[in-house]
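Remarks on the structure that follows.
Labels run A, B, C and D following the written order; every chain starts at residue 1.
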Amino acid sequence: MRYAECDPMGVAHHASYAPWLEHARTELLRDSGQTYESLERAGVFLVVTKLEIRYRRPIRYDDIIEVRTRVEGGSKVRIKHEYEIAVIERAGATPDPADPAISPTGVVCAATTTLACVGRDGRPRELPDWLVPG
Amino acid sequence: MRYAECDPMGVAHHASYAPWLEHARTELLRDSGQTYESLERAGVFLVVTKLEIRYRRPIRYDDIIEVRTRVEGGSKVRIKHEYEIAVIERAGATPDPADPAISPTGVVCAATTTLACVGRDGRPRELPDWLVPG
Amino acid sequence: MRYAECDPMGVAHHASYAPWLEHARTELLRDSGQTYESLERAGVFLVVTKLEIRYRRPIRYDDIIEVRTRVEGGSKVRIKHEYEIAVIERAGATPDPADPAISPTGVVCAATTTLACVGRDGRPRELPDWLVPG
Amino acid sequence: MRYAECDPMGVAHHASYAPWLEHARTELLRDSGQTYESLERAGVFLVVTKLEIRYRRPIRYDDIIEVRTRVEGGSKVRIKHEYEIAVIERAGATPDPADPAISPTGVVCAATTTLACVGRDGRPRELPDWLVPG
């Protein structure tokens, strides 16, 4: 996690997480063979209508994190994603259970987002068939 | 709303909202006679443990917004805030009901956050008495 | 200065300054009777081609700052702005010359930007007459 | 380049570049066998005192960029870095010289930063020997 994403407590600022989630679902889309960039060029826009993040333990500067995401549900006009953020490598020295500043690795955050599909004009439209959660 | 907070759709990026909420609850605290800065100097840190935002309608560049916040509940170790974001003046021309890009003013977003109190060592601690939601 | 703009040293992260400068030159434009939003609607886009910032002293969380800006030069296709950022009120206690963490107020940063004018197609175009630096 | 880093023109906002430069020089340090995180734990802080960025061509959403950096000079208390940002793969379709929105790949930005070394108290101090630019 980058320095610019930290706050004065030396941990990731809570507002830094939303772009990580966005990046993770973009890559999930890319894995399915499309890019969000190509969707927008085709006039399909996905807008976030709901964001929920539960922060369980802090992420510290230079910790290595992994954002795991999957489509959890939705409809013809809506996609819901679930996320877990795990710290897979802590920055610095050996983990020390006596030092709360160096926590063990593991899941530190859970989140969900809901996206709605809109057209170039901002009006709701149906998702392309292949994007409709099955 | 500032240009740097917009995304390619020309509306506020969903990650831009969290700092607005933070700013609003900081000012609410200031109105009560304390600053968050003085709390931190006294070893009282408030960390966000949950964030939930519902985006109802977009906020466009140069719209004038108002963030309304109040303490909604909590405990000896936790404060929950509720927020409404209203667009009080739309950028540009007269509102045009036929143009979805120029929506009427009004509440466009609802949000809640939960803060937990921790000490300088990152361990949970009780809120100062005067901060405990009544 | 807002919490979300701070870094682990407890001071404004150097990347936080650029949006402040943008906001300041936008307001300067508004004072002249136009909004940047109306320029873009008219197909006039101003893109930053050069940014230079000299950070002289840190800005701390909750310091009150003032961004002073003026048009310093330019041409038919280019506008150069100069900026000074001053801390006009320090957060917290009385300034203490012995404590480097509580610096005196005053100018803490100098910056310049160069903007170029482009059309909706991204190609260079001339500035509207009234914007050409005189 | 990520969606959250774009502005309404659909290109990277100019303020998004500074964290990329920071990330690049952090990785350069890591390649030399140290982490910035370990430096801070040892009481050595590097603060940006000057930032200069020249934006030559836009970076578009989903373009793949490479940030090239090297130490260019400095002194016992100061390090100067130079950077080039290159687009190594453009998002979307085949480059089309007739379409300014799809530019060829290549260097699109040049930048320099100057860092000064300070101690935990914020006062200037000498760089560790191994960091002094040779």
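Definition applied: contacts are C-beta pairs under 8 Å (C-beta built on N, C-alpha and C of every residue); 3 or more make two chains touch, one makes a residue touch a chain.
What you see is a predicted model, and the numbers here were worked out from it, not measured in a lab.
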Response to the item:
Outermost chain relative to subunit B, judged by CA means, is D
Worksheet item: A-B or A-D: which has the larger count of contacting C-beta pairs?
Response: A-B
Item to complete: Express in whole angstrom the distance between the two chain centres, defined as the mean CA positions of subunit A and subunit B.
Response: 20
Response to the item:
CA centroids of subunit B and subunit D: separation to the nearest Å works out as 31
Worksheet item: Roughly how far is subunit A from subunit D, going centre to centre by Cα mean, in whole Å?
Response: 24
Response to the item:
Expected list for subunit D, residues touching two or more other chains, is 3-4, 8-9, 15, 18-19, 22, 40, 61
Worksheet item: Any idea which subunit D residues touch subunit B in the complex?
Response: 3-4, 6-10, 13, 15, 61
Fill in: Residues of subunit B that touch subunit C when the two form their complex
2-5, 18-19, 22-23, 26, 35-38, 40-41, 61-62, 91-92
Worksheet entry | Complex contact set, residues of subunit B against subunit A | 8-9, 14-15, 18-19, 22, 40, 45, 47-56, 58, 100-101, 121-123
